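Below are two complexes that have chain A in common, paired first with chain B and then with chain C.
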Partner chain A sequence: MPSHRMPSEADIISTVEFNHTGELLATGDKGGRVVIFQREPESKNAPHSQGEYDVYSTFQSHEPEFDYLKSLEIEEKINKIKWLPQQNAAHSLLSTNDKTIKLWKITERDKRPEGYNLKDEEGKLKDLSTVTSLQVPVLKPMDLMVEVSPRRVFANGHTYHINSISVNSDCETYMSADDLRINLWHLAITDRSFNIVDIKPANMEDLTEVITASEFHPHHCNLFVYSSSKGSLRLCDMRAAALCDKHSKLFEEPEDPSNRSFFSEIISSVSDVKFSHSGRYMLTRDYLTVKVWDLNMEARPIETYQVHDYLRSKLCSLYENDCIFDKFECAWNGSDSVIMTGAYNNFFRMFDRNTKRDVTLEASRESSKPRAVLKPRRVCVGGKRRRDDISVDSLDFTKKILHTAWHPAENIIAIAATNNLYIFQDKVNSEMH
Partner chain B sequence: MKGRGLGRQGVPAAGSSGRFDPRVRQMMLSKGLKRKREEEEEEKESLAVDAWWLDPGHPAVAQAPPAVASSSLFDLSVLKLHHSLRQSEPDLRHLVLVVNTLRRIQASMAPTAALPPVPSPPAAPGVADNLLASSDAALSASMASLLEDLSHIEGLSQAPQPLADEGPPGRPTGGASPGLGALDLLGPATGCLLDDGFEGLFEDIDTSMYDSELWAPASEGLKPGPEDGPGKEEAPELDEAELDYLMDVLVGTQALERPPGPGR
Partner chain C sequence: MEFKLEAHRIVSISLGKIYNSRGQRGGIKLHKNLLVSLVLRSARQVYLSDPCPGLYLAGSPVPPPQPGEPAAGPPAGWGEPPPPAARAAWPEPETPPGAPPARTAGRAVDAEPAAPGAGDTLQGGEAAATAEAEAAWRRAEIRARGGGRGRRGPRRRRGCAPRGPPRPAPPCACPPGGEAGPGALSCAPRPAKDERPVPPPGCPRKRGAAAGDGPADCPAPGSSPLKKPRRHPEEPAGGAAAEEEEMETGNVANLISIFGSSFSGLLRKSPAGGREEAEAEESGPEAAEPGQICCDQPVLRDINPWSTAIVAF
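So, the complex of A and B:
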């Protein structure tokens, strides 16, 4: 199939994910590639490399496919990557496009056997007459080689577009969610999955709500949450019923009558949901805010942070150019004290839950020379304007930070800005406190 | 925080200045159909919308009351819906959100009180209403049929999966929430664009497209006319080739296939 895309479009990063130790960072892009970065160990020999991330492995995860039955092209864009907890020397991750999930195993080879009896160094068979004695091949060190192989392909589980995958804390199962259904898979079984949520109405004309994101609870293997386009969260217990259509808890905030508009529903649509590391809270992102929910309180979030409230008066224009449908992700830091999310103009925002302070930072080449300190940015809405302020009208809405990730333990963040990846480290406080 | 950028290609994504293309906005407004009846409802409260149209620099603004802007918003939403349906595989979330928004806009445009019956409405708004109504109905019908086709095709392509506890196929959806097919742009039950007094406006419209079981709720408000009206020839959103194609899909003589058009 001929590609109508410009060369650089395939490099647009579509997902970013640290593994459980933070040693590895995986990115997926629109061209179906996965690039894994590895953190260099801090060593006295190379003090300037100070635990920075370098490319570890690159591989093609998904290829464009053509569904002949529906006459549709299936995009190879990687929607989500999730790492499996490491159980041996190898690393494993799940990557998914709109329709198919794949399990990849990443192994290292840093030794190779030498001294074969029947083969020479190049692998050619030896002339047997020259073999006078037998030797035991020995393992000799070699340059590190990273090998990636597909171990499982989980196909044909989804009619609609997969938006989330989440590995269960039992390390044996995982779930995948599309617009209308959520399936449970066993990591070792590819030819069947178990449908646990189905919100497809009997009559598609009655469709008013879709699933937008879902995640397993980090500790309770029976609990998971899924969010909807109407802004609600449903916490489900797999022990209660095989088909989790009845939620255990429904988290929904009543609409603020003073902020009502034609776009209320669109901006309330939840684009991402993440459990806190503690498992006590959930973080959601809708178009204008991030919200922290307590699992014990369904009526409303316990905290709401404005990401870019200056856009509230621009909703009509943002509806016109479809920006209002952008799906931003959100992230917790390791101690659940700071939350982060992206915005426009390559800005991203961080909110400290304890001090209630927030900061706006920019991911761009101009403002991020290596080892430069990031300068807080400000968007001015009219009135007094300081020197480096950006006015709302000059924000670049094509530069969106949709995907961000936070190291599980340290103050290291990964920011995807279109086709560039930025990794920021806080050297002053590199340990969580 | 210290930063280290890892460029992957080194080519920054091409971006616009961030300003919204004024040509698009002007096209929207010039293609919009005048609805004289709306202008008489100035005392009607409308939902709070953002006020971009109040920008004094904008050519189309003038002293437009919110009700007229809702009309532009309606047209914009209809165009978005149409564009979404044109995709080979519609983004379901986008589609559902646009439809729900369209319903909200439509509900806000409904007359709160019964309008005085107009015995002989002027021809221009009548024709305009015919065009808008027929295009909206065609869109709704095509959307409903497209989603139905999606669900039929799903039954063919989905690999058989032994499920321990699958809900019965006819599982009730629960609640009588109005759905996509019940946009009822013409339905007198919701009193949106029509009032009983205006039924006569649509007597001469060609309703053969609406007389399918997918469109049962609305057909009660329409009667097949003795002659074809202007609505058939001049639908601004769909041309005849597309109408024929949609009709074929509806009656099942043609399997749903990629609609003609550039790109994916």
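So, the complex of A and C:
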């Protein structure tokens, strides 16, 4: 859904998330706005428009704030959105910026009462002398109105910048993680939270790693994982202790000494971690690879996929232009058989875990006319160059796909390319394998 | 040798990033700055790992310090005091110098994200580096003298009252908090008409108005604080007073060791040039871009490559 305004920095999409049924898709942007898309129900009358996503609601979630006491500006950029499991007719989601998490309730109104006794249709009080009989107001249909209201504001829980939120499978609690701490909140209680992880050293000069992402296990409400800038994953059990500084499991792969460079530490920092839907595996993304970890094996990942290894020789330039600090996300498909992540030049990659085949696709307006078929792309690194190949040196590093999401049940993906959102659907293989 | 050039270049770039990060909207990003500091440390280790005639470390090659360990007991040749000219550039604390200087080093570069406001430790990048050098040298000297007042405990609550009457601001001392808007880095020298005290670089944090908040080695002999803006009020977060804290991004003994070692050599090598370097550093941010080496100024030609990297900023 390209923006019709002149592209500005505020329109840059900063997070994308499907809800649990896939009917709704939420995006957050740098300007603090949330846009929710809804999938149109399939209709026999217009078979071609079945299952497309249209704008459902737009609202301003966060505003820029200025902390006068600390002379610190707090960005309004939405870092993460997480949907709550739906428990009634309303939908709820959590959205967070660097410091404050908010719970939003989204309700529909498609009927309104008509036939009041004391008021007329415009709401003006009636002249009582004209009222001769009593009537019962009835609900009449009206144009659908989507109303969004902030139900809770969870503020002042974090000193550092919030990087993740994750709703627990108990549907009552959620956690929020910043660089050094993770807090556990109850969805109904905003004035306090429990600190469950604290890796801040007593002496900040001893700081060697920070928390980069965290997530609750999809089924076990006592388990969660957090990743670090050193490339490790820690699985924690909240039953073990109130403060989960001691991990239950530590997942870490020994560094390959032959790949050592000035930037080894940067590229091993994990930018995203996601449990598989089954809960058996974890997916991590670092700068050059995605890795699949088995919860039962801590020594190393069971699978490693190269996203763009051709960048390994360009790390110094990427350090210079700050691209090496880009935080790419990763995603599982609904059946955990395919994993997806973004890259540069508006490319995104998919890896089929079963066939071991991978594909590079591009999200761009030229190649994405409605119902066009995406053509696989290839980056050539010297040697034989085919006609449509892109050479490494002509990659556009300003076009980066950091945020992607996969529909929980179908082969529908949402790709955020700077300020544009692309939604691709695999019509041929709509069933998950 | 190519490795050294590469390392040197990476150091320059890294310093630029740290410097630029202070003006960032939303505050200093702890994660990114940590990564940059790790790169800086790696580059430095490579740079120092093979001796070369250009090194200011007279003679003996210095083994790279362990990660995270601040520049402990300097080897022979490092411990000379900076020349008086350079010293006078900074208001000397009247208390023994061992008190908080270690903290300054970490603080000054990656200090509170209250970038413009937290004036007491936030100085211009280049000036900060010099302050760190000074501080780190002092700390090393204290250690050489046998400990002094080395305090390594949590220093969050150390309050240091301004020492004496306001002094003429040294080059690039930041104004006291509140004057600069977000993202602004005021590094211009301030005239003495500024009545608020200019905190000395050795003072890591001011905790409220109580001068006695900190350890006993930070008294303000005979001076009562004039106007002490409360810059670090309690965090309403968890509520407990113990949780009164800032977003500490003053990481990195790595930075201390890097700047400390290089600067002590820098100042020692060219006492007359010390002043010029300080001035060059002031104009550095405007003149230089990250990665570029200013080799065409006569004063710089004789300086070792380490200092050109620092001078560039």
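We adopt the following convention: the second predicted complex is superposed on the first by the 426 of 433 C-alpha atoms of A that agree within 3 Å, B and C clash if a C-alpha of one lies under 4 Å from a C-alpha of the other, contacts with A are read in each partner's own complex, and residues count from 1 in each chain.
Note that contacts are C-beta pairs under 8 Å (C-beta built on N, C-alpha and C of every residue); 3 or more make two chains touch, one makes a residue touch a chain.
The shown structure was predicted, so the numbers you read here are calculated from the model rather than taken from an experiment.
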**OP:** Overlay done on chain A, so just call it for chain B and chain C: clash or fit.
**Re:** clash
Subject >> Touched partner set for A:Leu69, first chain B, second chain C, both or neither >> reply: both
Original post:
Who does A:Leu243 touch here: chain B (first), chain C (second), both, or neither?
Top reply: first
Original post:
Can A:Glu255 be said to touch chain B (first), chain C (second), both, or neither?
Top reply: neither
**OP:** Determine, under the contact definition given at the top, whether A:Leu361 touches first (chain B), second (chain C), both, or neither.
**Re:** first
Original post:
Which of the two partners, first being chain B and second being chain C, lies in contact with A:Glu172: first, second, both, or neither?
Top reply: neither
Original post:
Which of the two partners, first being chain B and second being chain C, lies in contact with A:Met204: first, second, both, or neither?
Top reply: both
**OP:** Examine A:Asp110 and indicate which partner it touches, taking first as chain B and second as chain C; both and neither are also allowed.
**Re:** neither
Original post:
Which chain makes contact with more of the residues of chain A, chain B or else chain C?
Top reply: B
**OP:** Have a look at where A:Asn195 lands relative to chain B and chain C in the superposition and call it first, second, both or neither.
**Re:** both
**OP:** Tell me which partner A:Ser317 touches in the superposition: chain B (first), chain C (second), both or neither.
**Re:** first
Subject >> Part of chain B, among the options 1-9, 55-63 or 109-117, whose backbone runs into chain C after overlay >> reply: 109-117
**OP:** Please write out, lowest number first, the residues of chain A touched by both chain B and chain C across the two complexes.
**Re:** 67, 69-73, 156-157, 159-161, 179-180, 192, 195, 200, 202-210, 212, 229, 262-263, 265-266, 269, 316, 319-320, 322, 325
Original post:
Which residues of chain A touch chain C in the complex?
Top reply: 66-67, 69-75, 77, 98, 156-161, 163, 179-180, 192, 195, 200, 202-210, 212, 229, 262-266, 269, 316, 319-320, 322, 325
Original post:
Which of the residues in chain C come into contact with chain A in the complex?
Top reply: 6-7, 10, 13, 17, 25-27, 29-32, 34-35, 38-39, 42-43, 46, 67-68, 70, 106, 112-118, 152-154, 177-178, 180, 182-183, 230-233, 235-239, 245-253, 256, 290-291
Subject >> Sites on chain B touched by chain A in the complex >> reply: 1-9, 11-21, 24-25, 28, 47-53, 70, 73, 76, 80, 88-89, 91-94, 96-97, 99-101, 104-105, 108, 144, 147-148, 150-151, 153-154, 156-159, 161-167, 169-173, 177-182, 214, 256-258, 263-264
Subject >> chain A residues within the chain B interface of the complex >> reply: 4, 6-8, 11-13, 29, 35, 37, 52-53, 67, 69-73, 155-157, 159-161, 179-180, 192-195, 198, 200-210, 212, 229, 241-243, 245, 259-263, 265-266, 269, 312-317, 319-322, 325, 344-345, 361, 363, 365, 368-374, 393-399, 411, 418-427
